[in-house]
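Two complexes, one shared chain (chain A), two partners (chain B, chain C).
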Partner chain A sequence: METTQRSTKTYQRFSVLHRLLHIIIIVNFTLLAITGFLLRFSNWDWAGFLVSLMGGAAAAGTLHRFSAVFLYVGILIHVCWLFYYKFALKGQWFGPASLVPKTKDFSDLYQNLRYVFGKGKPPMFDRFSYLQKVDYWAVMFGMQSMGITGLFMWFPEYFSTIFPGYWINVANHFHFHEAVLAVLYIGIVHMSDTHFLPEVFPIEKSIFNGKISEERFKQEHPEEWKRVNPVQE
Partner chain B sequence: MQTGSVNKQQKFTISLIGPILLAGFLCLSAAGGSLAWGTTAQAPQSSWFVDMNLFSTSAHGALKCEECHGPMVGMDKSHPDEKSPAFMKQDPKRTFDYGMCQKCHKKSYDRYQNGEHAKAMKKEKETGQVSKTGFAPTCGDCHSAHYSKSHVSRVETGKAMTETCGTCHPDQRDSYLANYHGKAAVNLAHEKAASCTDCHGAHESLSLKDNPQTLTTCQRCHPDATENFADIIIHDSALHADKKNETKQSGLTKVNILGFLSYVFIVLVLAFFYGHSFLLMLRKLHEKLRK
Partner chain C sequence: MNSKTIVAIVVGVIFFATLAAITMTPDRDELINTSAVAAEVAPVEQQTEQEPIVEPVIEPLICLDCHRSPNIETNEGIISSQTFCYDCHKEKTCVRKSDDKELVLQVVPEDFIKQQPLHQYIACIDCHKDVAQSPHKSLANAQCRDCHSVHGENTAHDPHLRVACQACHFESKPVELNSETGAVSLASIDGKGNAISLTSHAMADMTDETSCEKCHVSGNPVGAPASVLPSKSFMCILCHNAPLAMGHPIFGVAFLIFLLGIFATLYFWYQGKVCGEEESIHRKIGLSSESLWEIIFSRQIFGLLKIFILDIVFQRRLLQESVQRWSMHALIFTSILLRLVLGLFTSVGFFFNPESDMMLALIDKNHAFTAFANDLLGLFILLGILWAVAQRYIIKPAHVKTEIRDNLALIIIGLLVVIGFVLEAARIASTGIPADMTGGAFVGAPLAAVLGVLGLDWSAVYPYLWYAHGFLAALLIAYLPFGKMRHVFTTPMTYFVEKVAGVKRGERV
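Let's turn to the complex of A and B:
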């Protein structure tokens, strides 16, 4: 066992806005998944009962649409923040602290796979590891595709004036498959690569309280640490 | 010390709540089938004799037998004709004269005569052959003259329909139940969702292959629907694709291909990331336990 005294110094990792957005996503994502799958798997014995608790199929549908709009408003707020903070204020999109994929991410993946098989050291991540970038872009792209296919099914009368009728059926398939992907990805991959890691199990608190300890900072984001604290190296 | 032990006791009780609730739910779900909300209308004991207890509570319960069955004598034979070799072997649904029904149900009877089922009946009589789907149905094949209840709710009727229509059209029933309309109406008891007859008509039983007719049907619930709206595929089973019009056939092929591709996509993505997460977790646990 290590006997060195743990540093209690913490650093700010996430702003209030991002913590709030994360919570908005959690709540609405869960509501969307529950109401959506209760419709899709409504032949399940308890589905009718659970939907009746929500006030019937019409109310569950309204809840699903409300959560979808709420969640998408969150995404829009985030995009506005991107434009204001990253572009207008800082004037740069693709810095090392950004979530934009870089060639380093692919070499990190390769190095991580070597590490997994015991053939090397873990990669030195910057502010966001490639898995965290995948988590981000999965939600970002997922919300666009879920949003568009969802609108197709919400307003079939309008969309069938522009597109052939069978597109509504295609939207239905895509919406369901994407939903399964999202739930199985967030439920297993995001949980295990973020919240269930042995160091932080059962929850990674930094996305909720915004803070990261010095120890974890050095360990998980060494490249960023070097950039932020070059003197202490 | 004491407070600590009390807290432990409380924690123990709280931790028990979960399993107790779970056990309760399991018991309820096991008993669910036999409880009142799980049962459907009783079936009569015998198919030979009319169960008068059930008959008297049915929609026709106030009618006398003769009102539908006539004087029970025709062509110098009494009915049932005990001397006939076919006595008790004939299916009354095939021999009964359902013309009787129009005495009270004129509109339904006329609609039936103009509908697809009557056409199939005509064909059956001309060719002497029963179609692949089965006998062309008459009133009695869908309605139980002796046991059907009146004042059944819209949702209950819709549910019963999937069974009635599904007897001869099982694939259409399955694809309907896989569709939003079927899930909402049958599984979730949504009153506004369409059931079989809302689109196809109860007595006309339209195939809805022609788009102008289909569109008018859609517009009853979707007033803003335009031409392409009628190309949305409701019964998306490939089994009866040949009965659809050309637009829907080609649409269905594309839907299936694109649906398959998106399925392959999510399987590949999940397989990669599950493998990645699993291996990474193993390595991290390995290092943690070694420390």
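Let's turn to the complex of A and C:
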């Protein structure tokens, strides 16, 4: 396996910063999910036992908030990088390599569905396929609403001076149900659309080592390949 | 038949009347209040035309009126419990007499609600735990610590563990020091010997630093430093349990200079070629971080970890060169490292679990273990510095070449430790901590006795010493990336680079 990898040329798909941010999200998201659900299901015996391993409910709550802040710092670093990308690297925020949804994504979806049912060619993805864009925006928007509802519960005294008190309860419900949604989304959709693909099973390594082989580059991101190597095509 | 019936009725009536007369007893209340009622009847009848004055009917105390435990977890229980206390305490006549002094114990409900808007929803006996017993007298203050944690380094600039919560948080100014326990609390007798009523629940404005000046003024009775000192900085974590705060602006300046030095060093390093790239800094950072990533997520990391533990923590290479140099270096380096570990452990542990006994012991400077550890490690640093000074100026071996920057590093660290010990001694001397509580401070306590002989007002000297210590610490931080102390970063870096490059060479890059 290693010999074949060495023989084929690899390209850099993700920079070190993006790999690092992905690891920050993995670690903190997992911690948030574990501590959050343990606190939510505190009346269950096993949850009580696991929370006692963490040093009690107060410690689990502190860990939950700590991870939340850590995760959000990651988001902020990413936003800073977007500005660096635009102004220092002269990149395009809305270019074809960006994660912004485009009409091409909808035609790609239609074409992919046709392909799945045996009609026509597979869609020609650019740097990010429509599913990868959904993955990105799910996290990006999810973190904002989880952050806001979480802040409501973290500082209820402050927020109840601005909004009616029942908003705290509403925030609590949103926070829990969105957490369920997020965990299900990551566990089912994100896992299956990236890591459980037959080509890469059991794990998609490119987000961890930053590399993508020339073969997969051509096959999975043909539009970007054309842009990067216009001469060879 | 008729006569028999009549006789039967008469006999029956007499029988039951007799029974009723035998069993009837006068009402208990009537028996007790006969005199009071008798006295009241006449005036009430006279004044009915004007305004009826309703005199409070003094009801007798029944045992269970006091000896009961209302469920203060419920709103009903809280209100009934509060009402019970207010029954007496809302009256101006609620006084305590001791030593011919009258102490008013009145608590006006309306004032209390204004003064304690949050605590109005809990029962009095939730805080005043020990009053609900016989005799009805509180020996302890209100028990804040049942719900609230103590402050760490950040909020109060010092844990203030011996200071009662009320001493700072309540408005009353006079404070006193208990010479037996070393505890500071609100005084119940003012300077002129008059009793002070502490029943006002008005809180001091803690956002206003002048509220600290009830203790932190010159000539205070509790031996507090004579001015309000700033908090420690997060950089103090090198040797102390430190808060997540910048502290005095001098630390901010020092930190900026430190960052500038690090940045300048990195900038200098990136002037060189990285993997053949000469022009773009962006590409250079990308390439170097790429190779760093590859090293971290490869087997090489274990080799680097080994170097970190053996060559950096335990200083193996220095030990191989010379046992004497290793010992001297270890006295300074290992002691600072251990104080850093202890400080980090305390700060993080206290953040997560402020109520644990271990954390309370670790943030307490007077606790036997904490004081002993700090004194011992400080003494080690001082011995190491003295040894180095002796090497340079008295023994003068051939390999030692003294430069000015070497002297500067030695002077800063040496003075820092010396002033640290004097600070500790001044704190012990001025606050009057009982001798049995300072057993751990085997350097500080004897030094405090010496300072006591000097007869200075150490609470007035303390702020100057503190600023001197803080200024030297800031100087050390600012000096780290420039002079002699730069080796703290460059030497480990050299070891790592040599390991990765796989060659033994004297110079880096």
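What we mean here is this: the second predicted complex is superposed on the first by the 223 of 233 C-alpha atoms of A that agree within 3 Å, B and C clash if a C-alpha of one lies under 4 Å from a C-alpha of the other, contacts with A are read in each partner's own complex, and residues count from 1 in each chain.
Assume a contact is a pair of C-beta atoms (placed from the backbone, for glycine too) under 8 Å apart; a residue touches a chain by one contact, two chains touch by 3 or more.
Bear in mind that the values here come from a model prediction, so they are computed numbers and not experimental data.
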Exercise. Should the superposition on chain A be reported as showing a clash between chain B and chain C, or a fit?
Worked result: clash
Exercise. Touching A:Gly55 in the superposition: chain B (first), chain C (second), both, neither?
Worked result: second
For this session: In the three-chain superposition, say which chain, chain B or chain C, touches more residues of chain A.
Result: B
Exercise. In the superposed arrangement, which partner chain does A:Asn209 touch: chain B (first), chain C (second), both, or neither?
Worked result: second
For this session: For A:Gly142, decide between first (touching chain B), second (touching chain C), both and neither.
Result: neither
Exercise. What is the contact status of A:Pro222 with respect to chain B (first) and chain C (second): first, second, both, or neither?
Worked result: neither
Problem set entry | Partner chain in contact with A:Val16 - chain B first, chain C second, else both or neither | second
Exercise. Where does A:Leu89 make contact in the superposed view: on chain B (first), on chain C (second), on both, or on neither?
Worked result: second
Seminar exercise, completed: Superposing both complexes on chain A puts chain C into chain B at one of 61-69, 259-267 or 313-321, namely 61-69
Problem set entry | Touching both chain B and chain C, residues of chain A | 58
Seminar exercise, completed: In the complex, the residues of chain A that touch chain B are 1-2, 39-40, 42-43, 45-48, 51-52, 56-58, 60, 112-113, 115-118, 131, 134, 153, 156-158, 160-161, 163-166, 168-170, 172-174, 177-178, 180-181, 184-185, 188-189, 192-193, 196-199
Exercise. What residues on chain B touch chain A, complex-wise?
Worked result: 29, 32, 177, 180, 183-184, 187-190, 192-193, 222, 224-226, 228-233, 236, 247-248, 251-252, 254-255, 258-259, 262-263, 265-266, 269-270, 273-274, 276-285, 288, 291
Seminar exercise, completed: The chain C residues in contact with chain A across the complex are 282, 286, 289-290, 292-294, 297, 351-353
Problem set entry | In the complex with chain C, residue positions of chain A that touch it | 12, 15-17, 19, 55, 58-59, 62-63, 88-89, 208-210
